[in-house]
Structure formats: structure tokens, C-alpha cells
Amino acid sequence: MTTEEINVSGKTYDEMGFAKLDTDRKRRTGFAEVVFCAGKNDEHLVEIYKRLYEHDGCVFGTRASEHQAELIRREFPQAEYDRVSRILQIKLDDKDPRANKQPIGNIAICTAGTADLFVAEEAALTAEYFGNKVTRIYDVGVSGIHRLFSRVDDINAANVVIAIAGMEGALASVIGGLSDKPVIAVPTSVGYGANLGGLSALLTMINSCANGIAVVNIDNGYGAGYMATQINRLAVLGRVKEE
Amino acid sequence: MTTEEINVSGKTYDEMGFAKLDTDRKRRTGFAEVVFCAGKNDEHLVEIYKRLYEHDGCVFGTRASEHQAELIRREFPQAEYDRVSRILQIKLDDKDPRANKQPIGNIAICTAGTADLFVAEEAALTAEYFGNKVTRIYDVGVSGIHRLFSRVDDINAANVVIAIAGMEGALASVIGGLSDKPVIAVPTSVGYGANLGGLSALLTMINSCANGIAVVNIDNGYGAGYMATQINRLAVLGRVKEE
Amino acid sequence: MTTEEINVSGKTYDEMGFAKLDTDRKRRTGFAEVVFCAGKNDEHLVEIYKRLYEHDGCVFGTRASEHQAELIRREFPQAEYDRVSRILQIKLDDKDPRANKQPIGNIAICTAGTADLFVAEEAALTAEYFGNKVTRIYDVGVSGIHRLFSRVDDINAANVVIAIAGMEGALASVIGGLSDKPVIAVPTSVGYGANLGGLSALLTMINSCANGIAVVNIDNGYGAGYMATQINRLAVLGRVKEE
Amino acid sequence: MTTEEINVSGKTYDEMGFAKLDTDRKRRTGFAEVVFCAGKNDEHLVEIYKRLYEHDGCVFGTRASEHQAELIRREFPQAEYDRVSRILQIKLDDKDPRANKQPIGNIAICTAGTADLFVAEEAALTAEYFGNKVTRIYDVGVSGIHRLFSRVDDINAANVVIAIAGMEGALASVIGGLSDKPVIAVPTSVGYGANLGGLSALLTMINSCANGIAVVNIDNGYGAGYMATQINRLAVLGRVKEE
Amino acid sequence: MTTEEINVSGKTYDEMGFAKLDTDRKRRTGFAEVVFCAGKNDEHLVEIYKRLYEHDGCVFGTRASEHQAELIRREFPQAEYDRVSRILQIKLDDKDPRANKQPIGNIAICTAGTADLFVAEEAALTAEYFGNKVTRIYDVGVSGIHRLFSRVDDINAANVVIAIAGMEGALASVIGGLSDKPVIAVPTSVGYGANLGGLSALLTMINSCANGIAVVNIDNGYGAGYMATQINRLAVLGRVKEE
Amino acid sequence: MTTEEINVSGKTYDEMGFAKLDTDRKRRTGFAEVVFCAGKNDEHLVEIYKRLYEHDGCVFGTRASEHQAELIRREFPQAEYDRVSRILQIKLDDKDPRANKQPIGNIAICTAGTADLFVAEEAALTAEYFGNKVTRIYDVGVSGIHRLFSRVDDINAANVVIAIAGMEGALASVIGGLSDKPVIAVPTSVGYGANLGGLSALLTMINSCANGIAVVNIDNGYGAGYMATQINRLAVLGRVKEE
Amino acid sequence: MTTEEINVSGKTYDEMGFAKLDTDRKRRTGFAEVVFCAGKNDEHLVEIYKRLYEHDGCVFGTRASEHQAELIRREFPQAEYDRVSRILQIKLDDKDPRANKQPIGNIAICTAGTADLFVAEEAALTAEYFGNKVTRIYDVGVSGIHRLFSRVDDINAANVVIAIAGMEGALASVIGGLSDKPVIAVPTSVGYGANLGGLSALLTMINSCANGIAVVNIDNGYGAGYMATQINRLAVLGRVKEE
Amino acid sequence: MTTEEINVSGKTYDEMGFAKLDTDRKRRTGFAEVVFCAGKNDEHLVEIYKRLYEHDGCVFGTRASEHQAELIRREFPQAEYDRVSRILQIKLDDKDPRANKQPIGNIAICTAGTADLFVAEEAALTAEYFGNKVTRIYDVGVSGIHRLFSRVDDINAANVVIAIAGMEGALASVIGGLSDKPVIAVPTSVGYGANLGGLSALLTMINSCANGIAVVNIDNGYGAGYMATQINRLAVLGRVKEE
């Protein structure tokens, strides 16, 4: 957002009464508005999907329930719902000139266990939606570290790594020590007892002894996929700069 | 680290008895070993500075006390100590062929208040040590948001932004909403009462409603400067890739 | 309550066995007794609505379930239930001389997102019930701060502002910096992961770097509407004082 | 701040390098910039006092140490330092036309114990600095509630009440039940053991069963005095409104 | 328990395989074994009721569900279930020589609100089961403190007071200041948001500025009734002492 | 306090400006006002000791520092200071008719370790000051439970037991299971690491599986001694009652 | 795992797409792979049971639901499901040469109450699955410590003790003081209120004043049974060592 | 302790007034009484060292300050003080028949960083005092995991492993995955910010995804050395058993 845009307030969103839809977002930031479905009531959700579809020809929603998926598919039969990640999207028609032709760069997504997949796939589908190539490296937790080492070269081939782990969350530190690329750590709510709903893994990752690690919210696959996109784009496209 | 390097274990560090110095680090990761001075005893600190100086011709230490600065300067009169950031470094001789000729890219470092400077300067000197150009944007906290807006164009000119704030830590979210570049958020221990030594700001940043934000430990200016370097390098140098 | 009233104890409430109804409240404080419906059993709730209706000609209940709404409407068909705020009220008959003729002053109610509406409407309906004019300013969270700025003049036209936000709760600080009127901050339970059910937003608001902000309990729209009423009345009616 | 002022950014503060002094603040908000002395280094503090004195003819600083008081008094012998509240101020010369002639309205400041005085006096001096009349009602904690009742009429004569308590912090709820005016609750760090440095009192106040109470940070006497000023001014001066 | 009893281990309980029933308890301590029903499976519960009934002619169970009540009433039609307190008891036949003839002494049980009744009745029925006279003083929370004062003489007539409150839990401190008898404080889980499931009230009570207060677990009406019995018995029966 | 006394407010305390001394306390409650010395400034402390001495002929102060002891002894050479408990008292002259002739009843004070003595002696001296006989049973923690069992008969000879423990605080539960008298549990700050300054022991005691246990604040020996006095007096003196 | 095995990465697990099954585990560590059933979807669970059965002739799964038990029994009618521990296992055919002939050594498993059985049986069945002899000592909590003492000799006959307790968790400390063998403490989620879902018991055990105690996660019976097996094996089999 | 010993209470300790010294401990458990020096006053400490020396001919004290070391050396010039571990011991004379001739077995002690040495050496000296052979493997944290792998064979040669780490504490999980021997995890207070004084590392270790790990208190090197001794003895000496 430039100084100018802040000043010309009132024109860069779509007032819907119950919400202010940021329809100008893609032009400004390169990222279209995404729908956080959880907790939205039925009418609002349908209305938002319609508006965004009219505007962009595609819609990407996270944390959608099965019920919401059915609801949207009644209006948009082409909508796709992924049960693992709970992502509900209407993709651009292949012939649409706005469709991403080729995924760029490389984002590695690693999980400690199979129970972390719901977060990993949220991150992966997000990154793919935003046009990135993704390498999935799942179930490589530190309790059987030989599994992780068998994939070290794949991890190092990426521009940015997403490390996803619940329970004690040690995976992020180990990857941080193995890779020279930035690592986005995602704690998950996987575990029980003293995992404190994911807070323990979050604390582990925040206190990491390895460098090059930063942390997003518990189970926030979308946020990780988003930031990884920003970094991967910088790596591939560089930045036109006049400084 | 490649698979091979993991296997050839035992050769990539310098055994000092009380420590294992990672002298091969720069070759592998592009980042030389850095000294965390806090808590090290006098003899150990001097010995480590000597070893690293012999190996690299320069040493970079964080969290150094005034006492430690004097200690090192007795051995290395050219050592420089910055009271604000507590960084104690021996710089490469200008004529040394390994010296960084020109800082690259652009990292913006923003603070909410003047009390956050000790963290900001740790991040800034770190980033400069690793060869980045840094733009300092200090005292732009949200309680007087016009100060932040007067610098929006400077923020957007950077490849990556470091947002540093104590108390309620709201700065990171606001910058996250203004910038399309990745934001590394650093909570600080600045504040009192229910700031919980910085935990409140950390929680604010982890829960940010804005995208493209990830968080490092409280007061961890070094970690933020390190990760910003990784990202800035990707933006400037891209990545030689064969995939 | 004056010293005298404390002394003349035992006469200023209505003993119902399971409860002591404060029927004298409006005379003393200008605020009639309000019913917190959550957790009350059916018979008790109906009995309380009957007693208050007899006494005041109107009843205002918060946190009512759909079931409770049906229950009361069987007795009082004119009762109105608002699904968003969960407020269940029997309004004064328009011809009743006690009915508020004209709302007074101006209370601005701002939310960060659409998910915070259930709290905002609890505050808004409460403020309207107590006779205040309300300005609703919804979905102006800091991740798209241009939306907030387009409404700055509306915020500044109010005598008191209620700032409602979940997740990281940064909205309160930004409004605190923009307005010279008192701001009542309401953290909400909206969010996930490290939002700790609203505690993170509460901590953000308590630690605000901006002045003129005080905080009520998580999701406590009623409490915010109540205190805003007290302040708005002071602004409009002043205070008859003999000191 | 109006929309216009946000846009004309860059002119409403005084760039000092290490800080951005908000010298335009009084015109905009009716509150001059106040100095939070704690943690500022000597040169910076002196420079800030000089700038503000030049600009306003007076300076008000909170959380000043004895050392800082001596430092400032070397430059400004007329500076006054209050050991209890740690406030360090240079008052306007009586003949200065900007001097407040008469304190307005009435703010009641209550404490539970004598140990809470350092917070109470910070609030009281702040309120007096901003031109309010203050009524001090100290050591009226709930363990000897007859002391509080002997002052009920004084409490009810105020436009706004500040309730200050450490330990279990019950005072705020009791006052909230006795008064029909807004109550600003200030938890203090007074206590030991499970008081958690004031967090227990904060939680007590946030969960208050009485209405009309909002809470500021632990030991934040300044913040309470500031917000009480906003409310007292509304009560006395009303609000010039065109809506 | 005397030294001897500890030594003669193995004879003072009834081994049931899944449990060791302390059938000798009443003789030793004056309190018969009580059943904590929550979480027990059906067969075990029935078996335990049978054993205790055979042994004592009466059974007292806490935290029983409706389902458990039906279960036991199928075997013991005379069993009584109280929905509020969830206590499920088989009383001694009136003609049984072991039946308590007359309740002794006086225990005052106070609650802040009507929502705390489920805890208060657990305490009250427990105290009555153990042979105490109980005075119920409900809905006397501090937000309308005149209700409490109208019952002060009743509180002071008791040998021991149980103070039950959720939300901020201030009631215990106020009663502690009014009474010279020991006060057993019971925090309840009543409230929402920052009440932390009752922890906030617990902290309030533990930090009480009043003397003569000690605290039991959240919602632990049984524990309060038990300890109040111990104290009331001491007051009425004194203690046969040879020291 | 009776209803009457609440009403006749303003006469039952001694207004000292900075404090309201409750000089009427002993008549009302049987407990003279006690001084919490920690944090009081020198002049105030001396003035309070003087007033109380004039009024009662004795003064009892807790948490006094060595400095405060010297201060008071300069005025009252007969003052006694106990280094372990930090109690600073001026005892009644033996010939004073108000002096307690004979300690009554029996309070057992148990500690888990020797490090808990500072709390135990605060409790013991308090109980002795209020006229009780005290039995000290120290260093009987559960890690060597035979030490506790060798004193079981002494514990059971008391009317009330104070159980003091830091670290994991298990002592209270074990004593609760051995004794049929009320147990006042005092968690202490003794320990390190995850003892959380005494919170861990507090939680242990609050969650005790044994009945007849209630808990006071961390290190609150005074509070335990006070409440034990109330109970011991009931046991010895009973209660004159007309109900 | 030897250095060699780490290097020969990629061959020691069975890639299943959604998971990497560690089929080589038993050879390396003496412990076959175990299935954590909770949260696994139906197809995955069945597939994993099939693979492990093919490989090992037996499968051991923890935290299985009734639904999962039925699912597996449809494929493997010989599967056994234990409702208390929720363990779902297919045992080795008695004639299978790999079947454990005789349980070795002795592991004592103690619980404080009957409600802790679900954890105790998870530990017991785990230990038995891994070939250990188990001594069950249930319902010996410290509130009736004579029950524990009647079993002291049984506890001391074991090589290692598992101490399981919820609520305040004091059992571990008492056993730690009675036994000279290592004690593995398991906090359980049994309790309510301030038990914090088992965290209170965990803190108790971590802070134990007795030596020889270490703690596993809340309700982690499996983990305790596993580590007890390691220790019991060392005691029985010793260790073939060449150092 | 056998049933008999519990009964013969009163003879198995040495009553010192302020403490009950467990002089019979070595006979019962194989571990002599050890002195926790921190917080003990001078006279008590000296007296305890004297008593134990008389009884055992040696004394082992932990957490001793330099001052305490000097104090003891004045009495026992042969006392040795280790500055890193803060252990202060008087060793048995070599010719004393009670002196351990040869250390047995093998305990591996690993640390993540050099800052954890103070805990590691407390564990190591403890283990050596109790007669074990110790293998020190320091500075092998996961951020440079090749250092750990170069020592894998040393780790696997031990009977039991102590894993010591601060910050995020991930080392324990990685070692747990590499070793088939029991791992005692020791979180340390090393770190800053969100390390919460070691609680974060503790949570990491408690939630470990690897099996065979149990946790002791933060910085509790002594406790880890003690339990490792118990396990190592079992491995070397087995257990004379009659079951």
C-alpha cells in the first residue's frame, strides 16, 4: 500500500454491510482475498463466494466444513473440497488468461508425523494456489531421524522450508540446523496432555537454538503457505529495485 | 548440509573440550559462526575469539557485557563495542579480500518506540555484518500512527521488513497489512505489568490478523537479522537451481 | 448508593428464594436490572421475566439461547430475540410514558472483523436499550487499515468509542492513538491456536501503548455498552453537582 | 486526528533521531506529550525535557528515578520530584497564560491499602496536571469495609472513580456496586506469592460481577489518570457536537 | 489414625479388586466413606453402593448423573437424588439407632450469585449429612452489597462460614472482613472469558487481604462442607484432651 | 462486625492520613491489628508502632527487615526480633493485666523440610501471640515418611494442624489422610525450576485427594496462624450461642 | 541406531505415502513399531494393521476407539480390545516361535485411585506385550496411606516402579521415598477445577522432594510401560559390554 | 524401606532440632544422605557436614556457594569445591575400606550447548560419587546435528543416557530416537525470552515424540545423576530376586 492509497480511503474495498471485502487486494499485493470459512453463517458465505467469483473468476476458502462444501457446490458444482486440508476452492477455468501457467520456484513442506497432514495440506494447497511448486516431505519426525536424513537433499533444493510439527515440535530446530534457507515453523495442536493444545510446540519453535527460523500460529498452514510464497517469489522473480 | 556431510561426521567442527566450534559453517551455509557472549566465562570467551579470528579474520559476538568488551579489547584493540546493541565485533581488515565490498538489497527495520532500540540495533548490525543494506525506521508505534505512515514508502522499498515492538506489539500487524513483503516480527521485553516480560507482545504477533508475518523469540534481534539476511539474499541473488 | 441506603438494608431487593432481585436499581443508578440468561433454568427464567415486566414494563436479557427465546415468547409474544447478539428483550410499549423518547449523544462501536459482530451487537443493543445513539463501524481491522481510516471522522464524532477485536486485538491501540475520547476495549474469543480463548487479545489491550484505553472481560459486549452509557450520559447531561 | 491530519504525515512530530516527539499532540488531543522516564539514558532524557520545555513551558515525566530527578534539576532547578509517585515535573510559571486557573470537576481516587499509594499518587498528580480536581480516599480496602462506607458519599460526588488495589483486588467490584459512575480499575503489584506480580488483581477486576468497570495495566496510575481526565472533561465541558 | 493403625496395615479396608473401600473410616475419623460418582462405570457404582449400604445402612454420593440416579434407584427405591447438587443418597432409616437425632452447631453458607447454587447445595447437603445445622444465605454478591449487609447478623451467628463465588470471587474477602469466624472460600467455575474456568476466583481468594480465609478447589462444595463439619464439631463438642 | 457497627461508620478506625488504623479491632474480633512491615517507609512504621503501643501496650509486626528491627528498637529497646520468622514484636509487660496467662488448646505445625522454617516460625509465633499452645513438628517431608509417622500421635493430639511444604507440597495430603482435624495447608516458595515460586505446591494442596484441607497464600505463615487460632479457640472455648 | 544405519538412510522404513512405517525397528531397538490409533482414519488404520501383521505376526495399538476395534476385528477376528486401556492388539499365535515364552523381571504399577486405571492398564498391557512381569497395586493413594503401606514389600520387590496419580499427584513422592528403585511417575488428567487437566499433578511430580523419580506426559501409560521395559530388561539381562 | 522399618519409626534418623538427618539412608537404599547447600545458614551447614563426616567419612553437597566452600574448607581443608557444578565434597580417604574401588557400568551425559555444563557436571560428579563410570558428550545440540552423530556410538555404549538442554530442549527427542536405552531428560534454564526459565524446554521433553524418555526438574543435574545410578546399578549388578 502506498501513501497515496492510504489517503484515497474508501475506494479500495467492497462494502457488504456485514463485511468490507478487499477486492483490490490482488492488484496491490499480488494476493487475492481469501475466505476464512469457519464460523461464517450460510448466507454470508454464499454471498462472499459469489462476489469474489464475479470479481476474480476463482475463490479460495480455508477451514470449510463438509456442510459448507455442500452449500457452495450447490451454487458452484465445479467447486472442489479437500477433506484433509478443509480447503474449498473454485479454480480458474484453464482457458482463463489469468490462470497460473507454471508453478515457480520450490517450497519444501515437511511434517513430523502423519497426524500433522491437515496443516501441511492447508499450507501446500495455499502455496499451489498462489503459483508455487511444492515438495511434500511427510512423516520425518525426529524420533526416527534417518527418515529425515534420507530427504535432506530435497529439503536443500527448496528456496524456503515449512516445518510442521506437534507434540514437542523439535523438527523445526533440526531442519533449521540442516538448511541454509529460511524456515517457517508451524506448531500443530497434535498431541495430548502437556502439549497445551499446541502451545508447547510453539514455545519449542520460538526458543529454537537454530537460526533462520520464525514461527506462525498453531495449525496456521495457510499463513505459512502465504509467507513462503512471498519468499519464494523474491527468490524467483527477485525485486525490481531502483535503490 | 548435504547427506554426505552428515555422514562425514567428526571433521566439520573444531573440538575445544568445553565446546565444539563450527568453523566450517561459512562454507556450508554462507554464515560464519557467531558468538553468544552472555554467560561465557572469561577464559572461554577469549579463547573462542582467538580461534575464530585466526580462522576468519573477523569475529561477531552478541549480548556482550562492558566487562567482556574490555577483556577482548585487551587482546584485540581494534575490537568495536556498541553499547546499545551490546555487539562486540572484530571487523575484517578493509584490505582483506574476504571483506564485503557493497551491501546488497534492502532490509527495513522498524521499531514501535525508542526503548526497543537495543533489539533493533542488534538486528541492524547483524544484517550489516552479513552484507545487507539496512533502512532504520524507529519510533513509529501505532499510538501515533501518522509517524508510521510518513515512512510507508520506505518500508515498501525493502525486500523484507523486521517489525520490533514491546508492550502490546501491535506494530507488526499494521505493517503486515501495509506491506506485501515478508515481515519478521520481534517482540521485546519493553513494558511492565501484564507485558509478562514480552510474552504478551509475542502472543499478539503470533495471533496477527495480517498475513505474511512470522515471529522470533523475545528480544531476538540477532535471529531476525539472520533470517532477514537469508530472505534478502534470495531476493538479490536468486537461487541457482537445477530443478 | 448513599450511606443511608446501605444502612436501610433489606428493603431494596425482592427476595425470590433462589435470588434477590434488585428492583430498586433503576431509581438508584439509572440502570434497570438486566437478566444474564445463560445457565438459568426454565422456571427461574420465566419467573424473573414476569417479575421484572410487572415492575418495569420491559425486560432486557443477554446470552439467551433459542430455547429460552421460545420459552419467553410463549408468555410474552411481543418479546424480540436477536440471533447475533443473543439478546432477548421485551420493549416498553411506545405509549408507555417511561419509554425513551430520543437517543442521546453518540457511542461509536468498532470491530476488527465480521466474526466479532456477536459482541458488537450485544454492546450496541445494550447501549440503545439504555437510550444512547450508536454508530456502527464494523470490519475495520488493522490488516487493511485503509478501511479504518475511511471512518476516522465518524469515530471522532463520538463521545466514547468501543473497540472490539479478537485474534491479536491491535485495533484498540490504533483507535486509541487516533481518538481523544475514552476507548473501552473488548477482547473477543475470535481466533484459534495461541489466541488462548481471547486472553491474547486481552493482554494486547491491557498493554496498549496508546492512552485512554481500558478493558473489559472477553466477549463482554454488555459491560462495554453499560460503561459507554455512563460516559455518554456524563457528556450529554453533565452532572448536577453541589461541590 | 482527522483524515486530513493522517494524510499530512511527517509534519506533526519532531524528529530527534532516536525519537519522534509528538509536539503537536496538545493541539490535537488536549493532552501534551508526557515523558515515560524509566529506561531512558541520561542524554536523551535531558534533551527531551529541554525540547518539551521550550515548546510548552512545562514538562511532566513519570517513573523517574532519584538519579534522573537530580539530573533534570541540574538543568531546571524549579523541577519538582515526588518520591512516592516518582513523578518529575516542571510546572508552568503561575503567570504563564497557559497555566490552568481552576481544576474542574471531580475524580475520586480510592486505594485498598497504604502500599498502593505509589500508584494512586501517580494517578492523582497526572489528573491534577491535566486540570482536574481530585478527591483522595486511601486505605479503604474490603477487609475493613466500614472504612469504605464512611466515604461512600465522597465517592458518589465524583464524575469518575479510580479504584486501585493489589493482592486480591476486590475493591473495584465493591465500588462498582456502590457507584453509578464509571470506575477505572487499576490492579497493583502489591502482594506476594500467588499475586503473580499483580496479574491476580487484574483478573479479579476483569471478571468483576459489578458493571461499569474497565481495567488498565498493573500499576498504571498514569493511564488511569489520563482516562479519568477524558471522562471528567466530558462531564464538565460536555461536547460541542454538530451531529 | 494412630501409629498402631498404620502398622496394622491391610485390615482397615475392603479389597474389591478395582478399589479398596475404606469401611473402617467412620470409626477412625467420624466420617463415613463417601462416593465420588463421576466417571465410575455402572457395575462398579452399584457394587459400591451395595457394600456401603450393607456396612453403614446409608450411602452418600456426590457428582452423580441422572443416569446414575436411575441406576441406583432401581436397586434402592428409597434413594434420593438432588438435581441441583447432583447428590445421590440413601438415608438411614429414621428408626435406625445410628441416625443423627439433632443437627448441631451452625454453618453459614453464602453465595455471590444464583449460578453458584450447585456448589452451595453440595456443601449444604454434605454438612447436613454429617449432622450440622446449616444457614443458607444465597445471592449476596458484592455488586449489590446491601443484600449481604442485611444478613450480617446471620453470618456472625455461625461457627464457620463457607463463602462461594465465581467470576471475580470478591465475596470471600468481604465476608472475611465482617466475620471473626473461620471462612472456607470456594471458587466456582461460574463466569466466562478471563475467569479461566474458576482459576481467577481461586487466585482472588488465595490473595485475600482479609484474614481467617482458606481456600478449597474450584466447585468443591463437598470439601468445604467436610472441613466446615470438622470445625463446627470442634466448636460444639470441643475436644476431649489429656494434654 | 454487626449491622450496627457497619452503620456507625467513621468511628471505628484511627485516621493517620496515610493509613486508617483499625484500633477497635480487638474488641470486635478478638484479634488486635497486626503490622505488615514489608514496604512501609521508616517514619510510617515508627508512627504505627507508637500508636498501637499506646493503644494496646503491645505490637506484633510481620515481614520486618533487620533495618526495621533496629529502627523500632531505637524507640522501644524491649522490642524482640526473630531472624527466622522476621517477626518484630513488643510484648505486653508480664504484669499487664491484658497479658495472656496460659496458652490454650493445641495447634500442630508441621514442615516438610528445614528450608520451610521461616514460614513455620511466622505461623508459630503468630499463634503464640494470639494465646495458643503450639506443637512444632519440623522436617517430616514425605521423602522419608518414617520421620512423619514417628510423630503421628503428636499430630492427632492437636485441634488443628498447619501443614507447610514447598517443592511438590505433598505433605498436606498425607497429613490430611492421617488426621481427623482440619488442616490448613501453606505452600512455600522453597524449591527451584518448575516450582514456579510456590505455585506448584499451591496447586498440589488445592487438588488434594484428602479431605479436610484448605489452603492459604504462598509463604503465608501469618494467615495460617491466624485461622488456626480461630479454630483452636472454637475448640477450647466453644461458642456461646442462643440459637 | 549406529552411525552406519544413519548413513544408509532410506532403507530402514516402509514408505506408505501418508506414512513411513519403521518396520526395521524391532531388530534395531528390541521394540516393534506400535500404532497410536487416535485420530487415524479408517483406511489408514486398517492398512497399517495389515502391513505390521504381515511383517511381525502381531500388532499392538493404543488409544483405539470402540469403532476402530470393530473395524479391525472385521479383518482380524482374533484381535482383542480392552475397554479400560483402549488397547487393541493382535497377539502372536502361541505356536509362533517369536512368542515370548516367559515374562521377565518385575515392574510394579501403582495408582492413587480407581479413576487412574485407564492409564495403569495402558502401562500394564504395554509392559506385558514387551515381555515383562507386572505387579498391579491399585487404589493406594496417600489420603489413606495405610493401603499403600500394606503393599510396600510388593513395591520393593520390583526392579522399577510406575507411580500413577491424578489430582495432586502426591503418590509419586511417597513411593520415591519408600523405594530404592527408579520410579517413573505418570500424572493423570483425573480430577477437576485447578487440576488443569493433569498439569498440577505433573508439576507435583517434577518438583518431587524424593530422589529417583522422572516424569512422562499426562496419561502416558504407554510411555511409562515402554521405559519401564527398558529398565527391567537392563536389570534382568544386564548388558553385554566390551568397554 | 520395608514394612518393618516404617513401624520402627523414630530410630532411623538423627534429630538435630532444626533437621532430622537420615543417617541410616545408605544402609537402606545404597545412597548416603546428600546435602542441598543452597539457603542453609552457616552454623547449620557446618554442623551437618560434621555429623555426616563422622558418620560416613565423606560428605557430598550440591548447590554450594563460594562462601560456603570457604566455610567448610576452614574445618575440612581436604574439601573440594567445583566451581562449575557448585559441588562441595569431602571424599573418602583412599585407604578407607568404604572407598569405591572401580566405577561400574556406563552413563552417557550429553548437553546441547556449553552453557548447560553447570547442570551436566552436577550430574556427572553425582554419578561418579555414587560409583558409576561417566562418558561426557558436550555441545552436541541439534542446530549442528553432525556433532551429535559423530558420537552416536558412544551414546549407544551406555546403559542409560542423560540428555541436558535448555532453550527449546530438542536434544532429548533426537537422542531418544537414536538410543534403545532409557533417557533421563534434564531441561535447563539456559536461554532467554520465551524460555520461561526452563519451562519451555521442560514441556518439549515431556511431550517428546520419542519413547523411553522421562524428565526431571529444571537444572536438576543431581536428580538425573541419582536416577541414572539406580538404572546403571540394575544393569551391572542385576537384582537378587526371589520371586
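Here the chain labels run A, B, C, D, E, F, G and H in written order, and each chain numbers its own residues starting at 1.
As a convention for this text, a residue touches a chain if its C-beta (ideal position, glycine included) is under 8 Å from a C-beta of that chain, and two chains touch if they have at least 3 such contacts.
What you see is a predicted model, and the numbers here were worked out from it, not measured in a lab.
In summary, the chains found to touch both chain E and chain H are F, G.
Of all chains, the one whose CA centroid is most distant from that of chain B is E. Distance from the centre of chain D peaks at G, each centre being the average of the chain's Cα atoms.
Summary of the copy comparison: rotating chain F onto chain H for the best CA superposition needs 90 degrees, to the nearest 5. Centroids of chain F and chain G (each the mean of its C-alpha atoms) stand 46 Å apart.
Look at where the CA atoms of chain C average out and do the same for chain F: the two points lie 44 Å apart.
Between the CA-based centres of chain B and chain F the separation comes to 52 Å, rounded to the whole angstrom. Note: centroid distance chain A to chain C, computed from Cα atoms, is 37 Å. Touching of two or more other chains is recorded for residues 1, 3, 6, 9, 144-145, 149-150, 177-178, 193-195, 199, 202, 206-208, 211, 217 of chain G. In the complex of the two chains, the chain F residues touching chain G come out as 112-113, 141-145, 167-170, 173-174, 176-178, 191, 193-196, 199-201, 203-211.
By the touch criterion given at the top, residues 1-3, 6, 28-31, 105-106, 133, 149-150, 152-153, 156-157, 159-160, 177-182, 184-185, 202, 206-208, 211-217, 222-224, 226-227, 230-231, 234-236, 238-239, 241, 243 of chain A touch chain B in their complex. Remark: chain E residues 1, 5-6, 9-10, 12-13, 18-20, 22, 25, 38-40, 44, 187, 189, 197-199, 202, 217-220 touch chain G in the complex. Remark: chain H residues 114-115, 117, 138-140, 144-147, 149-150, 190, 192-195 touch chain B in the complex.
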